[in-house]
Each structure stands twice: as C-alpha cells, then as structure tokens.
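Down below are the structures I want you to see.
Both complexes shown next keep chain A, but they swap its partner, so chain B is in the first and chain C is in the second.
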Partner chain A sequence: MSLSDAMKIAQANFANTALQTAVVSKNMTNASNPNYSRREAVLVSTSYGATIATTQRVQNDALLKQNLVSISKSVGQDTLLTGLERMKTMLGGSAYELSPSTYLSELWNDLQTFADTPSDLSLAQSVITSATDVANSLNTISGSLQKLRSEADADIAASVSELNRLLSEFKTYNDQVKLATATGGDANDALDQRDKLLGQISSIIGVSTVVRANNDIALYTTNGTVLFETLPRTVTFEPTRSYTAGTVGKAVFIDGVEVPAGTGGNTSASGSLPALLQLRDDIAPRYQAQLDETARGLITLFQESGQPGLFTWMDGGTQATNVPGGLTTGLAAAIRVNPAVLSSQGGDPMKLRDGINANQNTGNEASFSVLLDGYLKGFDANMTFDPAAGIDESTTLLEFSTASVGWLEQQRSAATTARDDKAALLSRTQNALYSASAVSVDEELALLLDLEQSYKASAKLVAAIDEMMTALMNMTG
Partner chain B sequence: MKTSFVSNLSSQLTLQRAITQAQKELQQRTAEASGDGRHWDVGVVLGAKTSRSLNMHRDLDRLTSLLSTNSLTETRLGASQAALDLMAGSAENVMSKLTLFKDSPAADDRNKMKDELKNALQVFTGAANTTQSGEYVFAGVNSDVEPFKDYLAAGSPAKVAFDTAFNDFMTSNGFTNDGTATGTPDPSKITPEAMQDFLTDLEASFNDDDYWKANWSNASDETMVSRISTGEQVQSSTTVNTEGVRKFAFGAVVAYELLALDLGTDTRNATFDVAYNSIANSVTGVNGEKTKLGISQERIKKANDSLNAQKDILTTVIVSLERVDLTEVSAQVKTLESQLELAFTLTARMQSLSLLNYL
Partner chain C sequence: MSLYGTMRTGVSGMNAQANRLGTVADNIANANTTGYKRADTQFSSFILPGTGGAYNSGGVNTNVRYSISQQGTFTPTTSSTDLAIDGGGFFIVQGSDGVEYLTRAGAFQKMSDGTLRNAAGYTLMGYPYSSSQDPTIVINGFDGLSPINMSGGGQVVTPSSSGYLQVDLPNTTADGETLSTSLVAYDSQGASRKLDFHYTKTGDNLWEVTVTYTPPGSTTPVNMLAAPVEMEFNTSGQLIAPNPAQLVTEQEAFGGAVLAPLTIDLSGSTQVGVTALGADGSINGSGPSEVIDYQVSSDGIVSLKYANGDLIPKFRIALANVQSPDMLSPLPGNVYSQSNDSGVIVMGYPGNSGLGGIVSNVLEDSNVDIATELTGMIEAQRNYTANSKVFQTGSELMDVLVNLKR
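And now, the complex of A and B:
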C-alpha cells in the first residue's frame, strides 16, 4: 500500500458519494409518486475501497400481488355499485316517488275512492290519470334501464380497447425489463412503468402474475385465461349500439375465451369489465323482467272479457288484443292506458265503470260498481309470476312491485357494504405497499447527512495525503 | 436496504383517508339529525326489508284513504237518515190529519184534508228525492236519476194509472148515475165490499215491481255498498222501492183521492181503515230502513276506531324501521367531530415534524 493507493481510495469515495447522492435526490424527487419504488445504491468492497455495484429497487412481490387483487376487486365493486345507484335513482329519492310501486298504490287508492262513488266523472278521471302514471313510470324506467345497458356496452367497448392498448404498452416495458435483466443493465425505470401498467390492467380485469426467467412476466386472468405471455393476447368485443329489453349483448373474448360476468351484490367481479358485463347481462335484464311481469300483472288484473281492459300494450305498431299469458320481454316498455278511456284521445273514462270491450252496465246505472269491485278484489288476490324475475312467484301485484324495489335495494345494500369492505382492504394493502416501497424523505435526508460526512472525510483524507506528499517533496526537494 | 418501513405517501394517505371518511360520515349523520330523522340512505340500511317498509307505507295510505271515504259514506248515511226522519214525520202527520178529519165527511172538510194530504205528499216526495253531492241517496245504484216520481205533477203516470183503474172499477161494477157501464161514475154508490176488493187489488199492484217501477220509482233495487275497512263492506244507502215507501204511497193516494170523494159512510170508513193502516205500517217500514242504515253507521264508527288504531301501530313500526336513534346520532356526531379535530391536528404536527425543519 502506498500514499497513492490511499489517494485512489479517497477519489473512489468521491465517485461513490456522487452516485449515492444522485440516487438519494432521485428518491426525494419521487417521494409523492405512488408508482415509484425506492432505489438504493449498493456498495461493494474492492481493492481500492468500494464501488457502486448496482442500484437496487425495493420490491415486495407479495404486497404487489395483494395490491393488484385489491385494486381489481375494489374497482369491480365500485362499478357495480355505480350501476345500482343509477337504477335506484330511476325510482326517485328516499321515498321511491317514481317507482311503479308508488304509482300502483296511488292507482289502487284512486280506484277505491271511485268504486265508492262510481257516478263521479272526476274520480274516474283521477283513476285514469294514475293509471297513466303507472304506465309512464314502467315505460320510463324500462327505457332508462335499456339506456343503462347500452351505456354499459359502450363502457365495455372502451375498456376493451383500453385493455388492448395497455397490453401492447405492457409488452414494450416487459421487453425492456427482459433485455436489461439479461444484459445486466438498469431495469428499474422500466420496472416502475411495468408495475404501473399492472395496476391499470387490474382495474379493468383481475390478473395473476407469473414471473419467469429474466424477470419476464406472464399475465393470466383470475379464471385462468392467458392475457399476456411474451406477446399480448387480443381482447375482442363487438359493441351493440342500441338496446331494447330483448337485446342480448355480445360477449368479451380474450384469446377466444369468453370473459365471465360477475355474480351477486357483493360481486365476484374482478375489475370493471366483469362488473359491467354483470350489469348489462344480469342485473338490468333481471330488473327488466320484474318490470315486465308488473306490466303483465296490470294487464291481466284489468282484463275484461279476455281482452286487455284499462291497460293494453303495443304489439309491434298495433294495439294488442290479447292478454299475455306469460313473461313477455319488453312488455313494460309497451304497456299503455287503453285509448278507449282517455278523453284526450276521444275515449270515455266512464267506460272503466261500464266495461271497455263490452258494456256490462246494461241497466245504465250511475253507481254500477261490479267491475270496479272486481278490480279491487284482483288487487288483493295472488297472481303467478315468472321465476325469471327472481322474486316471489305467487303474491299480489302490489307486493310484487314492492318486492321488486326490495330486490334492488338488497343488491345495492350488499354492494354498498362490500364496496366499503373492499375499499378498506385496498387502502390497507396500498398503505402496506407504500410503507414498504415508497420513499421517506426523512430517511433520505438522514442518508444525505451521512453522505455529506463521508464526503467531508474523504476531502480531509485528500488534504492529509496532500500534506504528507508535500512534506515528502520538501524533504527530497 | 430500506430500513424505516414508513414512507411519506403512506403516512399522508392514512390521515387523508381518515379525514375524508370522517367528513363523509359527519355530513350524513348531520343530515339524519337535522332532516326528518330517517336513515341517510334507507334502502342501504334496510336492503330487502325495503319492500316491507314500502308495503307498510302503502297500507298506511290505504287506511288514510279508507278513513276519508268512510267520512263520505257517513255523510251520505247522515243525509239518508235525515230524509228518512222527514218521511216518517210526514207519514205521522198524515195519520194525525186522517184522525182529525175521520168523522167530518162534509165537502169543505174533505177538501181541507185533501190539501193537508197534498202537503204531506209533497214533503215526502221531496225527502225521497234528497241529493247528497249530486247523488240521489234513495236511488240505489241508479244514483243519477230522481228516484221518486212526483204523484202531483201534471200527467204523472201514477195518477193516470190510478184514475184509469178507479174509473174502470166504477164503470165495470155499475157504480154510475144510471147503473150502466157507459154512465157517469158516482162514488156514493160504491159498496164497502166492492171498495175493499178494489183496494186489495190496488195494494197488490203497488207491491208489484213492474207497476211500481213504471209509475212510481226510477230507483234500482240494488243499494250502494261501501267498503269501510280492508275486509268489510256495508250497505250505505236504501231505496224508494222498500215496503215503507210503497205503503205510504198507497195509503196517501187512497186517502188523497178516495177520502175526498162523497162516499157512503160504511165505504168511507172501510177506505179510511185501509189508508190509515197502510200509513201506520209505512212508518214501521221507514223506521226499519233507518235501523239498517243505523247499523251501517255503527259499523263505520267501529271500523274508523280500528283503522285509527292500525294507523298508529303502522306508524310506530315504520318509525322504528326507518328512523335513526337521535341520541346515538348526536353521540356519533360528537365522536366524529373529535376524530376530525385530531386528524387535523396530527396533519399539522406531522408537517412540522420533518427533518428539514431541523437542518
């Protein structure tokens, strides 16, 4: 060893300190970047002191995977809840003012008042008005529901193209990582980008990751379909522009395999895509079936001599003359108040009392209430509803309509609770992940102080060596 | 290696989430406490039970609407009762007038009596045609037509029918000035037995529905029926087709038309007895109808009591289902406030607790 060796070691320290300071300053700059993992310059002892071998990136694979799962679950639940909240809004505020059940109950009350004084034209008018409200409410909600489905369809299309874009971007960074790892280069920035993309992909569809040679990652969806392996798999979807109750939406395919929709209020959906599919193909059609059955119940209840009475429906472009025998998809959008009782269309409201299809009040009695009493009895009688509606199959029309609201609220209540739980889980895993891999400015500052000391020491060392060299030169000089 | 296991991001996020969560809840609790005391989002709290809550709201509406239709029905029944009182009163009036003039067969007295009877018949007709909010209360379900035809009106079918029948009776029996069918009718020749037969036939025709409806009544036999509670319907009107009205009409017409004639004493007495008895029976008949309606009134009263009781119970159940416990809410609000304050203080303190401030 010689003085010049000592000089070289001190010089190496300058270089090390400079590099370390660069890493610390990069860390501090990214202190608020959630997609940044903290770096650390790793020192390796050499014959000339120490040198920076690599810049290590803090990575916790277990937490990262947990975070991806939490993101997809939370986003899936949020998407479903948003849809359910919209459906709730169709029914009005906290008193469900706009729901068919509310209008039905008004109709029932008005009918009862009319049956008590069947000679009063204004009471007949008010029954017709509330009947129109019921029909309008069914038409409107059915329309909004199909609009919700077509918007979900558009969202699916947008998510699919976004997913394809993310996957191709994922390939770019995955290739960079592979290359850098294989050649011993710095893959850290590419890794940050790749992790960020993983988070974005997870919010669309749940993925599980498999790490292979050279830090190459393969992506599988939660149900095992390959999403990315060396190359991105194509996600295909054929959008449907407009929806009616009978429209069946197209499926989403990843590499030819259909993406399953989520199930339940506390949904099994991972990511927004399965949740949107669930809204479009399960929740909304189920609710539509309930509306359709409500409409059928109304037409059946008010039927008269085997033909539609107060309520009728449009079969294609013409007014139907038969009472539907079973679940008729789209009936809620087609139900109308019979024009024969609408004074605005030249009808006579009093036909409600006397009979629409045939005059049953042959004595022309002003207080004829046989038909009206029959309708009121109908309201109290159990009817049979299709199991596809997913609620009581044998109940009264009024109870069926409130059970329908109950069904929706049950879904929404479960979804809200699950949303809170899943959001809390996401918040905890994110916190754990950030604690492990994000930057603490205080820690970096402390490190900086160390580096400063180390730099000062090296400088002192150089000065001392310089002095010693000078002394030596003077002696020889 | 990383040594601290804490980062700026994680400590910031924790506080941020605590603050937003507390603020959200504080807003909801405040709305619950200051609003109508219902849960912030009833549907989420009740879930499937929402349908029960809606069913109860509907039942409550139904009870309210039953109570209001009941009050309408009560008004109708009240009007009917008042009219029946008038009818019974006019029948009693006829009886007292008949008694008064029984033994005064002079022409003057007979005309006076006829005037009195005319008045009583008018009062009775008016009462029988009572209306209540546009409906004739004694018309049965045919409530838009005047039920009781006015006997005294010009060309009234009842008078025409009576006159024809009486003329036929006198001419066919030879009670004429010359004893033949073509002579001028002479009431004084009518024998008590013949009169008796005539009146029996006439009474039978008053009890015949076809004759009655053709000449006297436009009412339907079917009375109005009103639902007064979820499971009970009551008769809420009576009609002029009942026995009491027919008997009054018969008695009054007999007295009005025949007792004014110059009859033989025996015949007059026989006619008088028939008319008097018929009117007396009509009072019983009318009172019978009063009783029927009285029962309905009593049922409505009972029904209203039970409806009001059910309303109270339902309201209590709905309140317990949908309302928040205000004490609990105010306690929660206090806790949330202090949590928020704590979070704010901590945020400020953490900001100052940076190494930067000490270098």
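And now, the complex of A and C:
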C-alpha cells in the first residue's frame, strides 16, 4: 500500500457514494409510485480488492404472485357485481318495485276485485292496465337484459384488444429483462415495467407465471392456457353487435383454447374477461329464461280453449295463435296484452269477463265470473317450469316470479360478500407487498445521512493525502 | 593513480545516481500509464583489488530492475473492453510488425475492423471459437492465435434443437377430452414456429400427445409427429412411459427453411388432481437478432451480446506467463518480450493456475507510488551532489599536485 493507492481508494469511495446517493434519490423520487420496487446500492468486495456498488432490486416473488392472484379475483368479482347491480337497477332498485313480480301481484289484486264485481267496467279497465304493466315490465327488462349482454360483449372485445396490446408490450420488457439478466446489465427498470404489466394483465385474466432461464417469464392463464411464452399468443374474439334472447355470444380463444366463463355468485372468474363471459353467457341468459318462463306462465294461465287469451305474443311480427308448450326463448320480449281487450286499439275490456276468442257469457249476465274465477284459481295452482330457469320447477306463477327476484338478490348478495372478502384480501396482499418492496422515505433519509458522512470522510482523507504530498514536494524544493 | 581513481569513482557514482534519477523520472512520467511497471535501480560495488598499502577505488555498477510481477491497483471504467488481469498472467498482443508481445495494458478499444487495440497500438490476440467447445491451446507458443474480432457479422439465428415440457395433467379429465398448450420454436432461418401440443386422454392414466403446427393463414394443422406418443402414468401419477421420457418431432420444411427435429424432454410430467392443465416448458433457439454489445467474462470468453439476450462466444482470450516475469525485457508501449533470463512462455486460459482472471470494465494502474519516487529522487539528488564533491575534491587535489611544479 502506498499514498497513491490510498488516494485511489478514497477516490473510489467518491464514485460509490455518488452511485449510492443516486439510488437513494431515485428511491425518494419514486416513493409514491406503486409500481416501483425499492433499489439498494450494495457495496461488495471483489476478488481484486476494490469495492464497487451494485444496484439490487428488492422483490418478493411469493407476495408478487399472491398479489396477481388477488388482483384478478378482485377485478373478476367487481365486474360480476357491477353487472348484477345493473340488473338490480333494471328491477327498480332496493325494493324491486319495477320487477314483473310486483306488477304480477297488482294484476292478481285487480283481478280479484274485478271478479267480485264483474259488471264494473272501470275495474275491468284497471285489470287491463295492470296486465299491460306486467307485459311492459317483461318487455323492458328483457330488452335491458339483452342490452347488458351486448355491452358485456363490447367490453369483452375491448378487453381482448387491450390484452393483446399488453401482451405485446410484455414481450418488449420481458426481452429487456432477458437481455439485461443474460448480459449482467441493469434489468431493474424493465422489471418494474414488467411487474406493472403483469398487474394489468391479471386484472383482465388470471395468470400464473413460470420463470425460466435468464429471468424469462412464461405466462399461463389459471386454466393452463399459454398466454405468453417467448412470444405473445393471440387472443381472438369475434364481437356480436346486437343481442336478442336467442343470440349465443362468441367465445374468446387464447392460443386456440376457449376461455371458460366464471361460475357462481362468489365467482370463480379470475379477471374481468371470465366475469364478463359469465355475465353474458350465464347470468343474463339464466334470468332471461326466468322472464321467458314467467311470460309463458302468464300466457298459459290466461289461455282460452288452447288459444292465447289476455296475454298473447308476437311470433315473428304476427300475433301468435298458439300457447307455447315449453321454454320459448325471447318470449318475455314478445309478450303483449291482447289488442282485443285494449280500448285504445278498439278492443273491449269486458271481453276479459266474457271470453276473448269466443263469447262464453252467452246469457250476457252482468255477474258472469266463471272465467275470472278460473284465472284466480290458476294463480293458486302449481305450474311446471323449465329447469333451465334454475329455480323451482313446480310452483305457482306468483311464487315463481318472486323466486326469480330472490334468485337475482341471492346472486347479488353472494357477489357483494365475496367482493368485500376479495377486496380485503387484495388490500392486505398489496400492503404486504408494499411494505416489502416500496420505498420508505424515513429509511432513505437515514441512509442519506450515512452517505453524507462517508463522503465527508473520504474528502478528509483526500485532503490529508494531498497535504502529505505537498510536504513531500516542498522537501524536493 | 589513486587520485584519478577517486575522480573516476566519483564519476561512476554520479552516473549511477543519474541512472537512478532516470528511472525515477520515467516512473513519475508514467505514474498514470495503464499497465506500466515501475523501474528500479540496484547498485553493486565494483572494487578493484588493492595492492599492499595502496587502495584503488573502483566504482558502482547499476542494475536496472522492473517490478513487472507486482500488480497495480484497479480503476473502474465504463468501457466493457477495458480489461485488467487479476493475477500473474499477461495479455498476448500483436504489434503492427506482426510479432506477439506480452502486456498488462488492457485499455482496449474496438477498431473499425472489429479488432481490439490498446493505447499503444497493440492488438489483442486470442483463440477463435469454432463451436461451443473451448478452442485447443498451444502451450508453449503463439501458434493458433488470431486477433480477437468483435465484428458481429449481421443477424444471427440459433435454430431450435431441443426443449422440455413438463405438464400437470388433470386426472379428472374425461376420456377423449383434449387439453392443449404450446411452445415457440425457431426454424433454420429464425422464423418463429408455434408448436401446439395436444394431450388427449385415452384411458385411466393414459394420454396421447400430438404436436401440430398451423402455418400462418391456414387452418389445417400440420402433424409434427410420425405417430402420436402414448404417455402412461403410474398410480402415483408419475410418468412411466415413454421411456426415455421424450418425444422427437419430424423435420419440417417451410419454403427454404427447415425446422430441425426437436427432442422434447417430457420428464417431470405428472397426472394429478388439479382442475386445469399446468405447463412449464421451453424450446431453445432464437430468432434473428443483431449484435448490440459484447462481453468479456472473467475466464476470458469474448461473447457477442445479441438483442434477444443470447451470448454467443466468439473468442477466448489467452494469457501467457513466464517463469520469471520480472526478467522480461520491456519494450516501448508497455509490452514485454521473452528474454534469455525470463524463461519460456507458457500459455493458458484465464483462471488457470497462476494466470489469474480477467476483469472487465477495470484498468490496472501503474504500480508507481509517487511518494516513494519523490523520496528516492531526493536521495539520488543528495547522493549525486556527494559524488560530485568527491570528483571536485579529486580535481582540486590534482590542481594542488600540478601546482607543485612551477
């Protein structure tokens, strides 16, 4: 060791301290950046005796993976809940006052009153009004439901194009990470970007990561489909613009494998994509089936001698003349009050008492209530409903329509509870992740003080060596 | 006689100190020269045999030595072609005269022709890689060495040849159901070819694997296996067939390019109670990518860094040493050549015993210490003065002697 060596070592410390300070300042700048992982400048002794600072990135792979899972579960649940909330709004909100079951019970009340006083035209009129309300409610909700499906379809299309974009961007940063890792460069910034993209991708679809040589990541969906492996796999989807009850939405394919929809109110969907598929292909069609069965129940209940009575339906532009025998998709959108009883269309409300297709009150009695009593009895009798509706298969019409509301409410409340749980899990994992990898300004400041001292000490050293050299020079004078 | 002798001795002493001052001057001048090794003077007495009562003053012999084997401190730099040797070896460089020399000065720069030249204009030599195996070395000579050339030669493609694919197949899958995954391979011209792997369950613990490739713009998959491969698992879900656990795809031609037969290692695949296919796989190879940088590893392998992250070794830097490095004869430009006393040159790779390793982004400073040189200089100055006094005294005495006769 010599004076020159001592000078060199002190100089090296300047460079190291400068690098460490740069890292601290970068950390502080990114203190509020959620996608930033704290860097640490570490001094290492090398085999040739020098000390150099290398930058390391604090990361916790286990927490990161857990965070990705939490993100996709939480977003999936949120997406489903938003859809269910919208369905609830269609039914009028908390009291479900716009639901078919509300109007149906009004119709039943009015019908009872009318049956007690069958001669009263105004009572007949109010039955017809209630019947119109029921039909309108079924039409409106069915329409809104299909609108929801077409919007979900549009959202799926948007998610798919976003996913494709994210995956190609993921390739850019994954390649940078691979290159930097292979060649011993600084991969930290690319890693930040890649982790951020992972978060964005997992909000669309749940992913699991497999780390390969050189920190190269392969992405698989939670169903094991390859999403990214060296190259991004294409995600394809053919959007359907308009929906009717019978429209079957197209599936989303990742690498040629269909993306399965989520199931249940506490959905199994990971990410928004499976949740949107569940909404479009499971929840909405299921509720549509319930509406269709309610409509069929109404037409069946008010039928007269095998032909539609008070309620009829439009079969492709013309008024149908038959009573549907089983689940008829789209019936809720097609159900109408028979124009024969609508005074606005030249009909006679009193035909409800006397018979629409054939006059059964041949004696023209003012208190003829055979038909009306029959209808009321029908309200009390059990009917058979299609299992596709997913609720009671043998029950009365009123109970069926109430159960339909109950079914929706059950899905919604399950989704709400699950949303709270999943959001709590997300915030917990995020907290854990941040406390492991985010920047703590206090710590950085403390470190900065240390660095300042170290820098000052080196400066002192250099000054001392300089003085010694000067003394030597003066000696040669 | 003795007065003249004294004067000659004084001159000899002055010459010796002048030599010493010369080395000091060189050392100080080269205090910041990369790889410079300080010169030092040692003196030996030159005494004439005395006869009886007469003393014949002799003189002093100067012996210049070089601290070649003493390693200097390291200074970090930002250039990856700045190299230093941590250990006893020497770089082998070639001068413009085509002769190989040894040096410790590793401040190399990439020249327009791709060669690495240091500040003194010497070109770094090494053994070229013809394959991934280490080039053979000639132990006692410079045969087989060629200038290290960093020029990349455009795009480079590494066609795929093998890979692995571990899958966890869900045991709940119904017979006849197919699960798929895919891996990317590269053909001989570097185009990516996505291979789809289809696993069809054929019975209890039995699966059939097919590999297909669907050309772009086509919907008809091309079968990549001569026959589907049967996979069989034992009761604990471990793969027992095929044995060895691998499949080999057929060679496939795409226009002028060829996708070579790929050996895919299937070992580690299981059939377990999971609900969805789990896969972990990779196929080697890389698409066309250009050189973006180069890297010198501590064992002297000069690799080109390609944009896809691959490192392809091109050369291996050889190091040389002699039995007595301090006896090497120094030549201008911080280079040394073998001398009679140094012993023969022994070649080796960095990391071989005694040669040391190569450090990139670092330069070796000169091993000159200014303080030592300055104190030496003062000493030389004083000694020179003292010797001049001896001469002066001799001269004055001669004067007295000559003045005896008027």
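Everything below uses one rule, namely that the second predicted complex is superposed on the first by the 468 of 477 C-alpha atoms of A that agree within 3 Å, B and C clash if a C-alpha of one lies under 4 Å from a C-alpha of the other, contacts with A are read in each partner's own complex, and residues count from 1 in each chain.
Note that a contact is a pair of C-beta atoms (placed from the backbone, for glycine too) under 8 Å apart; a residue touches a chain by one contact, two chains touch by 3 or more.
It should be emphasised that the depicted structure is a prediction, and the values quoted were computed from it without experimental measurement.
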Combined model on chain A where chain B meets chain C, clash or fit: fit
Partner chain(s) touched by A:Gly224 [first = chain B, second = chain C, both, neither]: second
Partner, of chain C and chain B, that touches more residues belonging to chain A: B
First (chain B), second (chain C), both or neither touched by A:Asp442: first
Inter-chain angle, chain B to chain C through the CA centre of chain A, in degrees rounded to a multiple of 10: 170
First, second, both or neither for A:Gln307, with chain B first and chain C second: neither
Partner chain in contact with A:Arg233 - chain B first, chain C second, else both or neither: second
First, second, both or neither for A:Tyr96, with chain B first and chain C second: first
Chain B versus chain C as contact partner of A:Asn357, first or second or both or neither: neither
Contacts of A:Val210 with chain B and chain C, given as first, second, both or neither: second
Which of chain B and chain C A:Met469 touches, first, second, both or neither: second
Partner chain(s) touched by A:Trp108 [first = chain B, second = chain C, both, neither]: first
Nearest-approach distance, in Å, of chain C Cα atoms to those of chain B in the combined model: 23
List of chain B residues in touch with chain A within their complex: 1-10, 13-14, 17, 38, 41-52, 54-55, 57-58, 61-62, 65-66, 68-69, 72-73, 133-135, 139-145, 220, 222, 224-227, 354-356, 359
Touching residues on chain A, where the partner in the complex is chain B: 31-32, 34, 38, 40, 56, 58, 88, 94-96, 101-102, 105-106, 108-109, 112-113, 115-120, 363-369, 376, 398-399, 402-410, 412-414, 416-417, 427, 430-432, 434-443, 445-446, 449
Parts of chain A lying in touch with chain C, wherever the complex brings them together: 2-5, 8-9, 12, 15, 46-50, 52, 175, 178-179, 181-184, 208, 210, 212-214, 216, 218, 220, 222-226, 229-231, 233, 255-257, 468-469, 472-473, 475-476
Chain A-facing residues of chain C, complex: 31, 73-76, 84, 86, 179-184, 192, 194, 196, 276-283, 292-293, 295, 305, 307-311, 357, 359, 362, 365, 368-372, 374-375, 377-378, 381
